[in-house]
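Order of writing sets the labels: A, B and C. Residues in every chain begin at 1.
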Amino acid sequence: MSLTLLNVIVAVVIAIAFAALNAAYLVWAERRGAARIQRRPGPNINGPFGLLQPPLDGIKLMAKQLTIPGGADKVLFIAAPVLAMFPAIMSFVTIPFSESIVAKNMNVGVLMIFAFASTGSMALVFAGWSSRNKYAMMSSVRAVSQAVAYEIPMLITTITVVMIAGSTDLMEIVRQQSGSILHWNIFPVLGNSHNLLMPMSFLIFFTCTLAETNRAPFDLGEAESELVAGFHTEYGSMGFGLFFMGEYANIVIGSCMTTILFLGGWNAPLPFLGFIPGIFWFLLKLYLLIATFIWIRWTFPRTTIYGLLNLSWKILIPLSLFNLLFTAGLIKVF
Amino acid sequence: MNSPIKLQPDETFILNVGPQHPATHGVLRVKMEMNGEYIVNAETVIGYIHRMHEKMGEVKTYPQFLMNLSRMDYLGALGYSHGHVLLIEKASGIEVPERAEYIRAIMVELNRVASHLFWFGAFVMDLGGFSPLMYALQDREYILDMLEAVTGSRLTYCYFRFGGLYNDIDDDFISAARRFIPRMRKSLKKYHKLVTGNIIFHKRLEGIAPLSQEMCRKYGASSAVARGSGINFDVRKNEPYSVYPEFDFDIPVFHECDSLARYKVRMEEIEQSLRIIEQGLDKLPDGPIMPEKKPKLIKPPPGDYYQAVETARGSFGIRLVSDGGKTPYRLKLRSPTYSNMHLFDESCRGMMIMDALAFMGSLDLVIPEIDR
Amino acid sequence: MICEKTRLALQKLFPTPEPQEAPIEDAGEEKDKKVPQEPRNNGLVERDYAVHGYHLDAQVSPDQLLEAVTIVDEAEFFIESITGVDWIKDGQLEVIYDFSRYDFDLCRVVIRTRVDRNHPVVPTITGIYAGANWHERETHEFFGIKFTGHPHLVPLLLPEDADFHPLLKDFKA
């Protein structure tokens, strides 16, 4: 019993370390990626390839004073950045990186991750409301409508996958996709479902992940040309730092989920490549997805808030509902 | 575009956009009365960078005032200087050598391209796309380098003199300009692929902020704001000055009246400016760049003179009331964005804030130019 | 020719058309030396475009202003700018309205009106040209000219509490 507890604690610490490290270095990757897209060097002074930039930024942020605006709700104002970071880190506990590398596998892993993801938008609401800033307030109102609008198609799409797998256990979902690239849920020609609508599901899920993590082109919560900096307008110091890390941790979680649900998790794309450890494939898929996130962000302009809501309510939700029914029918027939 | 809902004052809130706000590109402030995301009423507050160039014009002699013009609009400075020198030359009857006129036109057009490029980048950045700004700045850099080599400065040029120019262009400049034109055309194609063809970009601008021709007329709008509303108005064609009648170029006009039309006009204008530069380089005559005889002291005869030019931002007018002295009696600078910006208050009512700010971007504002 | 039409329309404002003022003014070589001593009488003058940069120059009294601007508006001119000039020697302030056209029928019309320097009151034209709003505010703050009926006559470019008029010739900073 105590040994299991110790295991869990160690695993949680590793998960936190992984999340924090990822968040920090994704900032670097994003800046380098953006620089590459924009034909400029990006951070390259501190350390080789500017690799020391994130820790130095962290030190700088921590050295700054945390200012609380007059009239702000102090408790919520301080709680909000912590709330932004916390669920993202907790979600890592249940992510299976390979057959053996998982902090704590649960048979309701999917539900747990979505439960934590939903609390993430609470942080934005708290931040926006407690800052006593009109821009932050507008941003948090946007964040709520965005979260509501995009969690629905995301969940419906996930339910589709769960129905195919017959399990909410993340490891089980991945195991069922083993074999080759054709067994993956994204294009399950040889898998346990022959649902040809799955590529569309993948796109819906990916779009929702972009929206849920407040990434461009759906970064309306922090639309800097309209709302200055959105919900974190009034945040400086590590409060801002935590929001930033939370955002990147969320991206990692979103990409992990996409990998697990659609891209076969740790499975090798071709059977004869199975000798390479699963963690390699998982991280490869994960970072390719993250690179796509970065690529999209620096290519597209931002949508409008009504465009964003229309996309969800008029296109994504009907499509995902149709897909759900279609999949249910397929499962019933075969 | 009026909001159909009538609201009590306590149901709205005031949003203070600016004077330091990422979308205002300078120290412009808009007091917006908001109903959620919708603008009920807006009041533009300007004057944060007001320097009273008109008073300076009254105390400085004519040559001393030359450099003030380029401080008005830091992105398309040469167009403004052009208006000034044309006015003084007209008023005091100074002949300008043909070569100087051609070089002026080439320079002004290069500056116009540079200004439009910056606008393009900043506009797309207003819409949330950051990368095009970097590409645009890179292209603009070539122009600035070329202009720097000839004029000596990169932003606030003082290149034109009454009667001619400060410095002749050399072969380096000509070959650089010739190399620049195909390069810029290639870049334009890339911009159209990257930005103009983008669906998000289209959706954000199509049908946003329609400006009727009547409204443009009542407010005196010019540049792409008028041309995007189907008004075929360009001072270079309507009221030809300098050597512009010698060039074969078109005035892009779009009839959609929306922000996308204004965008398209400016992008097409870059192409047309390139055509003018190309023809200018081909036709460039030899000769002096300063007239042989020129009055030592510039003293236009008493009277009232007006000169309009098409700058990157629209129809710039300059009125001189002279009493025959060494300094102008009154110098009025009619800035085009002043009129264009004035439209904003009325036309942004009932819009959502993000659309309104996209509309503001499409007006191509340079705040020092509004405030003078 | 719209210029001719507008000229005829504006001419009706002046009860006794003075034929000696109508001819095109010459380039003004011999007039160089002498500064105009007397303020001009109200009336319409056609100017040489090549020299002055505008075609029609109408000086009206302040109470004729709205009528004149309405004529220009009906002929579909757009408003360029409004500005003032301080004729301190005559004890008068001049308000200048510039109008131009969007089409290729080039015609620039200048309407000016003179008011007493100590009591500068001019009716607003914001009812006709909405875009005159800012121009009039600017003229108000720079010259202290009051535009009666203006909806919001407060300083625009100067600070909100500015009570000075910097473009007056007797303004000392």
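In this section, a contact is a pair of C-beta atoms (placed from the backbone, for glycine too) under 8 Å apart; a residue touches a chain by one contact, two chains touch by 3 or more.
Keep in mind that this is a model prediction, so the values were computed, not measured.
A.B. asks: Return the chain label for which the distance between chain Cα mean and whole-protein Cα mean is smallest.
C.D. replies: Per-chain C-alpha centroids ranked by distance to the global centroid put B first.
A.B. asks: Between B-C and A-B, name the chain pair that shares the greater number of C-beta pairs in contact.
C.D. replies: Per the contact counts, B-C leads.
A.B. asks: Relative to subunit B, which chain's C-alpha centre is the most remote?
C.D. replies: Of all chains, A has its centre farthest from that of subunit B.
A.B. asks: On a C-alpha centroid basis, what's the spacing between subunit A and subunit C, in Å?
C.D. replies: About 64 Å, centre to centre.
A.B. asks: Starting from the mean Cα coordinates of subunit B and subunit C, work out the distance between those two points in Å.
C.D. replies: So the centroids are 25 Å from each other.
A.B. asks: Could you work out how far the Cα centre of subunit A sits from that of subunit B, in whole Å?
C.D. replies: 44
A.B. asks: Which residues of subunit B touch subunit A in their complex?
C.D. replies: Subunit B reaches subunit A through residues 13, 15, 21-23, 34, 36-37, 124-131, 134-135, 138, 194-195, 198, 200-201, 203-204, 352-355, 357.
A.B. asks: What does subunit C use to touch subunit B in their complex?
C.D. replies: 27-29, 31-33, 35-36, 50-54, 57, 76-81, 83, 85-86, 96, 98, 100-104, 106, 108, 110, 129-131, 133-134, 142, 155-159, 166-167
A.B. asks: Which subunit B residues qualify as touching subunit C in the complex?
C.D. replies: Listed in rising order, the residues are 46-47, 50, 52, 54-55, 58, 87, 90-91, 93, 213, 215-221, 226, 231-233, 237-239, 301-308, 315, 317, 319, 321, 323-324, 329-330, 332, 334, 338-339, 342-343, 346, 371-372.
A.B. asks: In their shared complex, at which residues does subunit A touch subunit B?
C.D. replies: 34, 37-40, 134-135, 138, 141, 216-217, 219-220, 223-226, 228, 298-307
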